[in-house]
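The structure's right below; bear with me while I get my questions together.
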Amino acid sequence: MNSLILRTTTGFLLSLLVLFSVYLMLRGHNAPGGGFIGGLTATAALTLYAFAFDVATVRKMLRLDPLSVAGLGLVLALVSGLPGMLGGDAFLTSRWALLALPDGTEIHLGTPLLFDFGVYLVVIGVGCAVLLTMAEERGE
Amino acid sequence: MVLAVIAPALHRVAPEQAGRVLALAVAALFTLFALTPHEAAPLVYAWAPSLDLHVSLLFDGLGKLMALIVSGIGSLILLYANGYLHGDARLPRLYAALLAFMGAMLGVVLGGNLLFIFVCWELTSVTSFILIGFDHDRPAARAAALQALLVTGAGGLCLLAGVILLGVAGGSYELVELAAAPGLREHGLYVPALLLVLAGAFTKSAQVPFHFWLPGAMEAPTPISAYLHSATMVKAGVVLLARLNPALGGTELWFGMLCGFGGATMLVGNLGSLFQTDLKRVLAYSTVGMLGTLVLLIGIGTQAALAACVTMLLAHALYKGALFMVAGGVDHAVHTRDATVLSGLGRAMPITWAAATLAALSCMGVLPLLGFIAKEKSYVAALGAPELAPWIVAASLAANAAAFAMAAIVGVRPFLGRPMEQSEHAHEGSFDLWLGPLLLGVCSLGLGVAAGWPFAGLLEAAAGSVYGSEFEVALKLWAGTEGVYGQALLLSGATVAIGALLFALRAPLRSLAGGLRFAAALAPQRVYQLLYEGSLGAAALLTRRVQNGLLNSYLRTVVLALVGISLWSLWRQPHLMVSFNVGEIRTYEIGIVALILVSCLVAVRSESRMAAIVALGVAGLGVTLLFALFSGPDLAMTQIMVETLTVLLFVLVFYHLPQYARLSSSFERVRDLLVSLIFGGLMTLLVLASSTDILDAPLSEFYAQNSLVKGHGRNVVNVILVDFRALDTLGEITVLAAAAIGVVAMLRLKPARKEGA
Amino acid sequence: MNLLLVAPILVPLLTAALCLLAWKSVRVQRWLGVAGSAALLASALALFAEVDGRGMAVSHAGEWAAPFGITLAADLLGALMVVLGGIVGLMVAVYSLGSIDEGRERFGFHPLVQILLMGVCGAFLTGDLFNLYVWFEVLLMASFVLTALGGERAQMEGAIKYVTLNLVSSAIFLAALGLLYGLTHSLNMADVSLRLARLNYPALENLLAVLFFIAFGIKAAVFPLFFWLPASYHTMPVAVSALFAGLLTKVGVYALIRVFTLVFRDDVEFIKELMLVVACLTMAVGVLGAVAQMEMRRILSFHIVSQIGYMIIGLALMTPLALAGTVFYLAHHIIVKTNLFLVSGAVARATGSFELKKSGGLYAAQPGLALLFLIPALSLAGIPPLSGFWGKYILVKAGLESGQVVLVVVALAVSVFTMISMMKIWSEAFWKPHPLGLTPAPVGLLNGPIAAMAAMTLAIGFGVEPVMQLAERSAQQLLEPQTYIRAVLEARR
């Protein structure tokens, strides 16, 4: 698939889709969405990019091996459970901070969001690991 | 004391050339035992009180006597082994095993706690196994070792059960307490416990019909045969019976079992020995016979019998150990043990000859050796048996006469007569080889002449500990001619006469009894073979049927098990309430269900594996849709992801496997269909039966109420995933990561080479 | 307490995650694997010390009180199992350094082992049925990939059987869970137990118990559900099968113990009868399978099945002594069986084959290894004073006290056959001269973990008293589930 149109649009789409996936993840706590869906969206975007260019480009873009991304996600999810323990509570006890923006809106930031971000990364890592490897094997 | 028992085992790391040093060390142990006065009360150390296991040592008369035999002969054997296997690289291992055995055996003879005795008992079996298989390059040695282990091991397990039952019935494993336990003989468990214990003792002490392993064990090098399979280990069963006599003896059953099996063994062993030609096998059969005699004497259980028993025990250990070592010495010198060939070795091996003569005379029961006293006592005991006395006397006479002939064959004949061809090369063995038999022979003589001194007191104490209380044992070389003593003397005369006759007739006897011997002596051996091979064959057959390698038969079995056990459960508790109230059904629900059903059908009918997997995937998707409708889309997404990856892995694994083929017949397909339908029906029934609303449902309410307040989120499902039940999610994403590793590895890692470990 | 309970789960997870981050470097992963396993063992020991002192440790993840959140709870049995898991993990990690090929190492061997350990520890510690299912999934996925890792043809066949039957188990578990949830509206084991008692509906309860029994029975490899085990264990690398042999079936046994002492307690008679039949058949069929084999790993695999039968005896009898016997046997078996698999690897390395007919000559060449084989082998065959004897003794005694003659006869006969097949290995691989006259090759590093585990076997054998006391206390806890239930449901604030 060596189409110029696809390449140009994809370059643009990628950033948009990734942005959207982060948004999905962040709003998951209040509306449909969350780490899983966000991660899947981002994976889809990256896969599309791989179709348009090639797998090597995506791998380079990720910097880490996809499985390492998943590993990072696991670490984040794990770490998100720890702050609560500092206060003597059990693992995964949530801690929330209220971030008041200058314009008056309040944002709830908490460890569950970090956890969801971990999920997000794991899904991306897993998805990319599977899809990119399959793409490469087919190419050979 | 405890150290003395454990020390031999600690000696394991034996340097080369250490035989003499070790022998000295064990001799020192012997001296220690000899100098320690015996006492009736046990020394108790806790090992595992919660299992009623104590290391209690009973250094009473019997214990001391046996400890002296074990350590005394043990030290001579170590010396002997040093000469017999001189320069053999395996010598250190032999020492280690011998010493380990010695430690275990001391535990058996000194133990005062049945469980502790059992522990040591099994250890002697294992060390015996290792020692019989010492020449492990030869298949015959390996087979003999296994046979001995299985027979004694199976007996050991009976013993274990018997010991536990005794513990339950008598409330303790301590021999002293068992002997004092009231009503043990009337207890309901007495009979099974006794029979099980006897099974253990009889296998260990090679009683008919379990005797066959002992001649087989002659595959071991001579020092081992002399020590384990004549002087010590095989006595373990006898010792156990002697130990239990105060607690269990004196009943009809006890008398009948011991006299019956003991008498039979005595006859089979002693007469059987005459039919053998290999010196070691001759001796082995004679040992079997002697063990029978000892069991018989314990069975009779009178004071006279027990006195005879302990005297016989000592006399036998002395002369049989010596005869074995002599046989080994002869073998070492002329490289044959064939009794029909050996002759005229006396000139070349004078010291061995002297030792052999002394031992043989003791075995024959000739005045003035210890064997004579023992034999006289056994005749007295037989004459005084409470029941069946004439039969016992007759059997004893036959057995002793045979023993006489046997002793002549082994201890006298090889040294007399015309020198055989090989005797030119014959030479006296080293000091190590002749010291042992000579010393034992001299002991037989000395103890006889001195009428048991300095052992008289000990034998009395030993007989006392078997009987349960002390009594006087008159140990005299010449007991006079009055009453039973006169009769016994007469019987001795008859023994000599018949024995001499048997010896003269040995050649015709051997040929005449060829067929008979095979039937009588080897029949149990055949039974063992049949049992062993039969059970292996049956096992192979069963396993091929059960573990047949067909996945679908495995699955069918699993499902049938589920259905079967469920029906069993229903049969026990049939009161199942089934409600058909399923509420309102919506059109798209029907649609999804139809989709699932159709894809299942496609999966079943499909000819290609790939299509089947895809169809199953669709079915999974349908289930996921149901999830999405009832619980929430987020959960469904997780489900889809897991589902997809699983299908993918499946495909990848199948990729490596051959094409799909229809292997099943139509009958099998119908059967499988039936099984599936029953299974489906059962599950439906269960679903209908479980949808009761008896209990409140606090969980969903709690989640709904607390999601926003405490979970800071309006999306309940997401809050469940990342907060309420985040630990589950953590697990699930780990599953995802593992699956991804699997996919990558499966795609990339090709089988390279066959690897070993 | 919170940290102690969760650490045995988090330590392997963190190790696995770090291994993934170091995906390209096999060297780093190796050392991570060993260090992580050591840390796991340390954390397990710390947890055990805590539980040993207090009797129970409970932690509600996220501080959501039971039954709303997920409760982690460790009684003595759970803590003991975690320690054993840690021991096996460490031993296998060290052993694998010298035995796993680089291909497998490059494709995730180390993180997979850690994920497996995480699943195992999670299963031992959770007090929540759905969470238990999740841990089962974790260890199923990790073990499935480990089974198939390498891509050899025989492995694939084994893997298919393994995964199919285990997926069936998962499906039945999930179905049972769904039904149970529909009935009781709760997932917390302690809560479900109370609710079932309130419900008083024995017919349905027993049917659900059957489903759970089948699901866990497949995992535990009892008759007639064990097929996956002998079909797959001989196809994978030794380090993997040793890990599986030590832990996987035991998770199933643990789950059976947990569920049938804590959750389903109304119709105990039914469970006892069921278990009695199952225990006898499992012991017998397993051991007969073993004596029919001539390949070392196959022999050992069938013996696992047979010995699972021994462990079920405790559940079948439900007396304090019998349950203590089961706990004791579990501890003994995990160490001995793992070790025997490790030995089989060393034997194959030395003689070039797992097939007994093609190996030999080890006794003469490597008496040290021979001794190291004898210790676990004789222990498995139940020779005193090694650990296996005590387990057998306790169970036989418990059986005799309960008057279960058939059970005892089967158990004792099985131990004769166990002896036969152990001695077959000994006779063929060690005593017999090598058929090709080869001199066995040295096995080097592999002896380390083998010797360590043999030492543990000896320690359990000679120091039987403290282990037995532990087993008795643990059985006491299992027979008095009220303590567990109270500890879990008592709100801490």
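To keep things simple, chains are lettered A, B and C as they appear, and every chain counts its residues starting from 1.
Operating definition for what follows: a residue touches a chain if its C-beta (ideal position, glycine included) is under 8 Å from a C-beta of that chain, and two chains touch if they have at least 3 such contacts.
Predicted model only: the values in this text are computed from it and were never measured.
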Chain-chain pair with the highest tally of contacting C-beta pairs: B-C
Chain centroid nearest the full-protein CA centroid: C
Interchain centroid distance [CA atoms averaged], subunit A/subunit C, Å: 37
CA centroid of subunit A to CA centroid of subunit B, Å: 63
Length of the line joining the C-alpha centres of subunit B and subunit C, rounded to whole Å: 27
Numbers and ranges of subunit C residues touching at least 2 other chains: 13, 16, 20, 61-62, 108, 111
Multi-chain contact residues (two or more partners), subunit A: 67, 70-71, 74, 78, 81, 91-92, 94, 125
Per-residue multi-chain contacts in subunit B, two or more chains: 723, 726-727, 730, 734, 737, 739, 741, 744, 748
Sites on subunit B touched by subunit A in the complex: 633-634, 637-638, 641, 645, 648, 711-715, 718-719, 721-723, 726-727, 729-730, 733-734, 736-737, 739-741, 743-744, 747-748
For the subunit C and subunit A complex, residues of the former touching the latter: 2-3, 5-6, 10, 13-14, 16-24, 59-63, 108, 111
Residue ranges of subunit A in contact with subunit C within the complex: 64-65, 67-68, 70-72, 74-75, 78, 81, 84-85, 88-94, 125
Of subunit A, residues touching subunit B in the complex: 28-37, 40, 66-67, 70-71, 73-74, 77-78, 81, 91-92, 94, 96, 108, 110, 112-113, 115-116, 118-119, 122-123, 125-126, 129-130, 133-134, 137
Residues of subunit B that touch subunit C when the two form their complex: 46-51, 53, 93, 115, 118-119, 122-123, 126, 129, 133, 136-137, 139, 142, 145-146, 149-150, 153-154, 157-158, 160-161, 164-165, 167-168, 535-536, 538-540, 542-544, 546-547, 549, 551, 554-555, 557-558, 561-562, 565-566, 568-570, 572-577, 649-650, 653-654, 656-657, 683, 686-687, 689-692, 694-700, 702-703, 706, 723-728, 730-732, 734-735, 737-739, 741-742, 744-746, 748-752, 755-757
